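In the two complexes below, chain A is the common chain; its partner is chain B in one and chain C in the other.
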Partner chain A sequence: MTTSQPPVTTEERLAGLRRAAPVLLLLLALVVASLLSAGTASTAGLRLASPDRSRVDQVRQAIGNLPDNALVLIACDADLGTYPEIRAATRVAIDDLAAHGARLAIVSFTPEGRAIAAAERDRISRGGRIEPPADLGYVAGAEAGLVRSIASIVPAGAEGAVAEAIRERGGGIGAFDMVVIVSGSDISARSWVEQVGSRLPDLPLIGIAPTFLDPELEPYLRSGQLAGLLGTLRDGIAYTEAVSAGSATSPGPTPGPLPMLIGMLAAIGALAEAAFRRLVRRRGRHLRSGRAP
Partner chain B sequence: MRRSILTGIVLATGLVVLLDLMVVNPSLDDAAQAVNEVLVLLAAAAAVGGGATLVAFHARNLASGDGDSTGSIVLLVGMAAILVAGLRPGSSGSSDPAVLWLVAALLAPIAASVFALLFVFLLGAFRRGFALRVRETSLMAGAAALVLVTLLPIGGQAGEWLTTGAGWLRDVPLAGVFRGLLIGIGILVAVSAARSLLALDGDDD
Partner chain C sequence: MNGFAGTDLAGTIATWVAAIATIAVWSYLVGARRIFVLMQHLLAGLATGYLVLLAIRDVMMPRLVLPLIQQPRDNGLLLLVLVPVGMLIAATWLPRRAMAPVSAILVGGIAAFALGGAVVGTILPQIAAALPAGRAPSGDLAGEVISLAITSLVLLAFLHGAPRGTVTTRAANVGRWLLVGGIGGWIGFLVVSRLSLLVDRIGFLLGDWLTVLR
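Up next is the complex of A and B:
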């Protein structure tokens, strides 16, 4: 079967281009803004970091209270889609813990989290500034695997000083002095509070989560079941700034306020335009029918 | 399998896990751990089974010429690439450099791009929503615009006011709705579980 389509005229092409122009201009503006404010959290009156430092102080206090040579578990179960939002805070938290002399181990309970954890370990190894966290790998079984890890989390083949230290303290999650939960997927800080917090109530749990999880995790912070929570991009940037201020190392690329502002204004503008267009159409219909709008 | 047998298994395992949470007893703890091991195995088997079913479905699509052949080929090639990189002889599994490259150079940017497209698609959905259901869409768009305004990255006193407003929106109405949903789901799950445990559901033997 053959189909003959009419040729696309120049006018149609121009009309298509006109329709796409706002999106293309927005993308261009975002690229330029990202380049202009790369690595800066504030630009001429704009500020991305949250002015409310209470959550940052809570997290820093929990890390500061760790004993010498503390064992800290990084539970990396982020989601590839939302990880860019918490990447800077996660990396800075690992640096902060290492600067406090903590011995780190990393584990994942989701395949996506494992992919991110392996990539982060690789990045730390290549950087060479700090010792990469001991690799406890991927634990299958989702929440059942999490419960199983309370008794035993070290893989049989794991070697090294940190793995041995965990084994000496019982070999389970209880061996750690703190758990930092990098959330975003199905196994989030909520799963940890429900499954681990109820069995090990004295173990401090810190959450790093993208904003969409914040309303779900906030009650656990208020009830004290989470010892700290960085649950929004602005909290994460504030934490990054606070840690970087006292450290010689750079936090790496962080989102800038200018591209965020442009994106937000574009979204508000598009919403207003759609509402206004609908209002005008409705008014026109009412006028044509002779009724009051 | 007869429903009464399933109910019996649910009743026994559920009671063991519940009692283990409430009573400190080494034998009970061992039994609960054994149940948990079975759950881990079941979850792993379900994951492998799901992957195998996906491969079989797309292989069948390709063989019969049904559906989106390009999509099926991309999916199967992608799965094969990750499996070969992680399972070939001498590979270090998920820490292998080839797997790390696939994740860092392909998977992460693709996933982030798809997520970023939500911004454009969501705005498009709002436009269509205004044409179909004005009242509901207006409410959603109004709430979205309000949240966006409070999150504007502005410095100074105005920025602090906006941040306080954003915090209130997050902590009071949003957290309230989330908490209500969670409590509702919890009650529903508890009631369903209790009905199963007490064999109150209608018997279909």
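Up next is the complex of A and C:
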């Protein structure tokens, strides 16, 4: 009885490996594609950056229109699960703002965003090229916190030139000349438009968002409630390329076009396979019931 | 290099821990469920610890405890706040009737912010932006008519149980398929986001950890 146990286990393991084979093959293909891409923006004629530069131009124009010594708030509320997609664009935006002489402050309304904001501040401090944004910390209360921050956003213990400048201008979100919203699923540019934009209509809001938020945010760009939006990976990379061109600084790695293409093909393949299976099952049901499919 | 970990010893340890955790999570693909469950527990534990720390350090201490200690006279209202906070913490042991007002205030407040913001910040400005008033008829007008038609069809799809004729039923079916198409399109956007994360993780393993992409 007990001697039959090992072969069954081995068979089970083999079956498990067989089931996992497509995913493991995909991982292997992505590894090879990443090695081939190796940090270059284009591979064998493939380009991930969007050829339509209108959104990039809009964002750059909004940043270019900032007054001297402008106060800019970076609202970092990205998700850990989607931040890699917008990381390069966010870093380049911070560099771009610093290059335009803006005085930066960073705040978060979500715990995940706070962790990312702290890590980015730490990275900027280590780099030493630019002054890290003034830390306005974490504001609890989600949308209620957003509304409260319109009146007061600087923590009592915050010190430094930027914190003082914000206090001199009233101490709330209205003290800023622009807000760059690094969006996630909990608090996104939409929350800002709804809660802050309706109360401070003259404050330019720029959104940097992962692709899945783009359909939700695009109407706000078209209605003018957002002054700029980098809402897809392709827009983000186009912006990164436009700002980084001629600059010695690097925003870090961006996804290569080849791995993304392979991944998308795999996703389409999985979808087609599921549709085919459903079709076969349906046909079988019809044949069994004696009806035409 | 994603730049989060430095080149010092702490950074190197962080990179190794992150790389091992990534591979441990992926081990689920080959059936190593115990390792995956261990990683889940690690994530839950770390997230709870982080949230507790954040709540104490960034919320409770600066916004509640310190103001009450330093300027108790000016912050008398905060004492009132302590009552619902305490009740929410002890909700399991309190009778439902006692908890009802506190929960109602909480839910009502959240709903008020969400609904008020949606009406004032989204619905009204979006309708205003979509109206063709003051503009010459153009391609936008056709787009607006199509948007209105699609919205009507999708709304029809929600009319479950209402008496309907053949035309309304067919229109509702079209609306349902439009809804399915919309959700499918959105899932496509979501796939791109998740794929970026996967590609980034592979880039992290190859670049930051194994340093073959440097």
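Remarks
Just so we're on the same page, the second predicted complex is superposed on the first by the 253 of 293 C-alpha atoms of A that agree within 3 Å, B and C clash if a C-alpha of one lies under 4 Å from a C-alpha of the other, contacts with A are read in each partner's own complex, and residues count from 1 in each chain.
By definition in this document, a contact is a pair of C-beta atoms (placed from the backbone, for glycine too) under 8 Å apart; a residue touches a chain by one contact, two chains touch by 3 or more.
Here the structure is a predicted model, which is why all the values come from computation and not from measurement.
Once chain A of one complex is fitted onto chain A of the other, the partner contacts of A:L24 are limited to chain C, with no touch recorded for chain B. Touch criterion met: A:G16 reaches chain C, while chain B stays clear of it.
When the shared chain is aligned, chain B and chain C each come close enough to touch A:G137. By the document's definition of touching, of the two partners only chain B reaches A:A118; chain C does not. Once chain A of one complex is fitted onto chain A of the other, the partner contacts of A:G224 are limited to chain C, with no touch recorded for chain B. Of the two partner chains placed around the shared chain by superposition, chain B is the only one that A:A272 touches, whereas chain C remains out of contact. In the superposition on chain A, A:A156 contacts chain C only, with no contact to chain B.
Touch criterion met: A:S191 reaches chain C, while chain B stays clear of it. In the superposed model, A:Q58 makes contact with neither chain B nor chain C. Judged by the document's definition of touching, chain A residues 23, 81-82, 84, 114-115, 119, 122, 137-138, 140, 142, 144, 147, 198, 214-215, 219, 232, 260, 263-264, 267 lie at the interface with chain B and also at the interface with chain C.
Of all residues in chain A, only 13, 16-17, 20, 23-24, 27, 30-31, 34-35, 38-39, 81-82, 84-85, 87, 91, 111, 114-115, 119, 122-123, 126-127, 137-138, 140, 142-144, 147, 155-157, 190-191, 193-195, 197-198, 210-212, 214-215, 219, 222-225, 232-233, 252-253, 255-256, 259-260, 263-264, 267 touch chain C in the complex they form.
Every residue of chain A that touches chain B in the complex is listed here, in rising order: 23, 42, 45-48, 50-52, 80-84, 114-116, 118-119, 121-122, 135, 137-138, 140-142, 144-145, 147-148, 151, 198-199, 214-216, 218-219, 232, 234, 257, 260-261, 263-265, 267-268, 270-272, 274-275, 277-278, 282.
Put simply, chain C touches chain A in their complex at residues 1-4, 6, 26, 29-31, 50-51, 54-55, 58-59, 62-63, 66, 109-110, 113-114, 117-118, 120-122, 125-126, 128-129, 185-186, 189-203, 206-207, 212-213.
Residues of chain B that touch chain A in their complex: 21, 33, 36-37, 39-41, 43-44, 47, 94-95, 97, 99-100, 103-104, 107-108, 111-112, 114-115, 119-120, 123, 126-127, 130-131, 134, 138, 141, 144-145, 148-149, 151-156, 159-160, 163-164, 167, 170-171, 174-175, 177-179, 182.
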